[in-house]
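In the part that follows, the structures are each spelled out as structure tokens.
What follows is subunit A paired twice: with subunit B in the first complex and subunit C in the second.
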Partner chain A sequence: MELLSVRDLNVGFFIEEKFALAVRDVSFSVKKGETLCIVGESGCGKTVTSLSILRLIPPNGRIVKGNIHFKEKDLTRLSEEQMRDIRGKEISMIFQEPLTSLNPVFTIKDQIAEAIIVHENVLKQEITDRCITLLKEVGIPEPEKRLYDYPHQLSGGQRQRVMIAIALACNPSLIIADEPTTALDVTVQAQILNLFKELQERYKISLLYITHDLSVVAQIADKVCVMYSGIIVEEGSVENIFYRPAHPYTRGLLDSLPKRAHKKQKLKSIPGVVPDLLSRPKGCPFYPRCSLTKQVCIEKIPNFKELEDGHRVRCHILG
Partner chain B sequence: MGIELDAIYWDNVYLDDILLQIRKIKKYFPIKRGILKKTVGWIKAVDGVDLDIAKGKTLGLVGESGCGKSTLARLILRLTDIDEGKLIFEGREIQSLSDKEFKPIRKKIQIVFQDPFGSLNPKMTIGETIEEGLRVLELHAEKRKKRVKELLEMVGIPASGMDMYPHEFSGGQRQRIGIARALSVNPLLIVCDEPVSALDVSIQAQIINLLKDLQEAFGIAYLFISHDINLVGYMSDMIAIMYLGQIVELADSEELFRNPKHPYTNLLLSAVPEPDPKKKIFFKLKRQTDTIEWVEHGCKFWKRCPYASSECKETEIPLKKISSAHWVKCIR
Partner chain C sequence: MFPFIVRSIIQKTITLFFISIISFSVIHLAPGEPSQINPMNPRFTPELIKRFRSQFHLDKPLYMQYLIFYKDLFSGKLCSWKDGRPVLRKIWERFLNSLPLFIVGTLLTWTLSFPIGIHSAIKRGGVFDKTATFFAYFFISIPGFFFAYVLIIFVVNTFHVPVIGMKTFGFSSDSLHMIMDRIWHMLIPSVLSATGGIAILSRYVRSQMLEVEAQDYIRTARAKGVPEDEVHYKHALRNALLPFITMFGLVIPGLIGGSVIIESIFSWPGIGRMAYEAILSRDYPVVITLNFISAVLVLIGTFISDLLYMVADPRIRL
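Right, the complex of A and B next:
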């Protein structure tokens, strides 16, 4: 049974008096306890996708088409009030920058407690206990003392742990994490990734993990969606994506990672640049950078082809 | 104390091939508290670093945020004053030169910054930005124009772009412009401070290839600073691992990955995720700490080190040579 299922999502923005689609026909689903990674470069629409699930897109954006089913509810049809019951309770979100996403003038306790108070009726003492348990849960040493610290007194990794504690506060069934380790050092990143895995095993939380880093994807994902220029170009299990990549863009990304063993060789780079939102090509968005481009690629966006169970690719030529 | 003439590493490299020798350099920043701004302590950002950079080679510098790698870069460029120690560039001590005396040397040491958005002046066309360095060379206006065109083509930007402003370019292109600016004065050494970490994956490879091509063509030496150990491994001939202001391990790049000795190097290597779902990261720290804790005496790493003994807490350990191209600062 799918916990979250997004169908034909189209999200657009008004920019310079034009309307441009940032996300086009995006469909994916997340099962209970599963981790889905959306991977792509800046401007590919991965953050817009995650924000639309919580209906948090900026005022100049619109969900033009599509459904977002979560536990038999269609999130696109809920009222703002009903959405508020979902945010932070059923689905919580972790952002990239732990310093700016915590409020500098409130203590850690205030910020964890806020999530609990908004959604539940609990006694004061109980809140303190729950905050301590949550901080223990995410591996913060001496939680009783840390509770009254302000965000600036914590390191980057600890701040991100606090963010995770806030996300966990109301036992959500889905956590959306948008580049949660990008601003962190590798040793801290490794610890946070381990923490995500531990928590997931313990509580069977589903995770929608947004990142640009393929190495992180390999560590944490069960399923992967590769996005480029607003569309999903390839979707499959983590093994399919890393061992049997089908789309030229996925292959290009994997090839462009530096490997120590091939030091003498040049890196295989993908030529060209990511197209701007307002100047996206009409056909397959990747054709200007693709080495296999044929006439059909320039004319229309390819449909998905099913390669094997759950492994789908949008390419006219390959697959 | 005279100049120590021994090259500390590269047994097979003649002294003539050493471009820059860094000897015991230190930079401490005061910690000030209270209304009177009394100095209550010191942050030892760079604490006695010895390194050699050879002509036309790449020295990689790896470390986590706050380890002092960017301060070290600034010291080499003399953008920050050195407290103690020596910088010997082409056999000449440069750490105490006046700004005027340093000027001819500055054009031989250039830098490429991390942030391609903040490092270009938005009010100048890229042509003007690149030309600025050439004025120092006192080239004739017409020659300057020609050279700017050459430089832009060298880094893969059409020469017609020279009248455009930085905002008209993408991040990758801006980084190319930053590289063209560094190249304009024919440097012998370019300090690359996280040159690709702000760029998209598919663009990173383009910039790395460009840097490698330029090294081959002009024999420029790089000090390549990054937190990405895989990337540094790909780029560098030698790699230095920095922790809390000190170099804890220094080795030939292949040797370092084959035979890492320092526990911190091991920790770093085990924490780097591989783009392969079968190779999961697995490591345990002695204590659950995110933070790099400051250590006053002894080995800087002992609080996080799984092998720490009481000796580690007390004795200052020097960087010791363990094989022809491998130095470690560890008691074991």
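Right, the complex of A and C next:
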């Protein structure tokens, strides 16, 4: 049973009077209790994809094509008001920058309570209790005291925990986490990832996890979508992606991971940069950086090829 | 909080001491002194000049003049050199005349700028925003004196009411008519002093609001499912208002400033005109006292805005 299924999503932006597609024909689905990771370099469209699900893309952006089905509803067709009932209640979102994602002039309690008050009719005392429970759940020590702190009094990791508490406030069935650990240091990152896993096991929440960090993917994902320049180039289970990567870009990403065994070796990298939104190549977006490029790559975008069950790749040459 | 208040008062007193020295020296650095205002006047004999100079202590060394001046000021004995009336009483009378203009002008400015600026920012690029932007630049660029004459012609021709001065000279009637007369006279000068302020302040509000609306926590609020109105007026506005606390503190010195241009055009016997005339006639006591009072008000204004910041912004603990 699929909880969220995105079909042929196309999202574009008006930039300098031109319209450019940031996300092209993206399709994926998340089952109940499952974790899907979307991986890619910055600028590949992963954040835009995640924001489109909650219809929170900036005003100059448009969802031009595609459906987003969530629990039998098509989110692209809902009114703004119906969308508000879904945001924070059915689907919550956690953002990249815990330092700036909380409003500096309101207390932690105000901000957690708000998420509850918007969606439910609850008594004042009950709200305080629920805020305390939530803070305990995300592992904040002395929640009764922290409740009346302002964001600037907390560390980055704690702020991200508060963000998670806000996301959990109304028992959502899906949490979208957009690089939630990128701004944190590695030890805190590990703690937060463990927290995600724990909460997911306890509440059977589905997780759509956006990241550029493959080591995070290895720790948390069930399924992985690799995005490049607005399209998904490869998708499959986490084993498929790590042990049998098919797309040259995925291979490049895995090769550029530092390995502890070969300390003296120079780190590998993929030559070139992600193409600019307004000057993307016509064919396979990866061909300018690919070592296997042939004429067909330059001419058209490859279609998906099914390699094994659930493992699909968009490449003319491989697969 | 208490230590902050004590520390702040001590610091501001020290600042004030240096301001008193500077404002006193500045006026003495300027060329000309009261005894030389009209050297062509045949009645101004050298003996007379000498008498003037000794009467006003101008023949003493500067530091002595400074001491005498501030001793007189604080004991209330300081008199204008022009007409011999006590300076503080002169200023107080003029202050009362300027006060209604200041209050109405400031109220108009602050109550209108915020709705205009906020609405422009929320509906960015819309008809309201474009209209507001057009008028803002129009009123910023039009010279005040020119706009004043346009307004005078318009109001006088349309409503047939006198608008120059504080009230119609020699007009006496029942109290309602008197009040209406005063209001008509106040209308143009206060609207005029407000238009420039509204034009500038509403632009500040708009850009501040736009900046805050682009912050991450606004997106967080939306992601929580908070209705748009609350996103704007609760989450964005509280943050956008913070910088205006500083500007609000700087409104207070305007109490003593007055406006030379508006008061001159409308023959309004206000404080700005008095200051201007005092400078022309080298009436040192009036000029320096006004200078000193406005310095005190600036310090009070910054002190109040510091206190307000502590209340409004949880990040600031002084």
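Note that the second predicted complex is superposed on the first by the 315 of 319 C-alpha atoms of A that agree within 3 Å, B and C clash if a C-alpha of one lies under 4 Å from a C-alpha of the other, contacts with A are read in each partner's own complex, and residues count from 1 in each chain.
Here, a contact is a pair of C-beta atoms (placed from the backbone, for glycine too) under 8 Å apart; a residue touches a chain by one contact, two chains touch by 3 or more.
Computed from a predicted structure; not experimentally measured.
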Overlay on subunit A: subunit C relative to subunit B, clash or fit: fit
Subunit B versus subunit C as contact partner of A:Gln82, first or second or both or neither: neither
Touching partner for A:Pro258 - first (subunit B), second (subunit C), both, neither: first
Touched partner set for A:Met163, first subunit B, second subunit C, both or neither: second
Touched partner set for A:His152, first subunit B, second subunit C, both or neither: second
Touching partner for A:Asn103 - first (subunit B), second (subunit C), both, neither: second
Which partner, subunit B or subunit C, touches more subunit A residues: B
Touching partner for A:Gln219 - first (subunit B), second (subunit C), both, neither: first
Partner chain in contact with A:Asn60 - subunit B first, subunit C second, else both or neither: neither
Which superposed partner A:Ile270 touches (first subunit B, second subunit C, both, neither): first
Where subunit B and subunit C come nearest after superposition, their Cα distance in Å: 5
Residues of subunit B defined as touching subunit A within the complex: 64-65, 170, 172-173, 200-206, 208-209, 212, 227, 229-231, 233-235, 253-254, 257, 267-268, 270-277, 279-281, 283, 285, 288-291
Residues of subunit C touching subunit A in the complex: 215-217, 219-228, 235, 238-239, 242, 312-315
Subunit A residues touching subunit B - in the complex, by the definition given at the top: 41-42, 139, 141, 155-158, 161, 185-191, 193-194, 212-219, 221, 238-239, 242-243, 252-254, 256-260, 263, 266-271, 273-274, 289
Of subunit A, residues touching subunit C in the complex: 54, 56, 80, 84-89, 92-93, 95, 97, 100-107, 114-115, 118-119, 150, 152, 163, 166
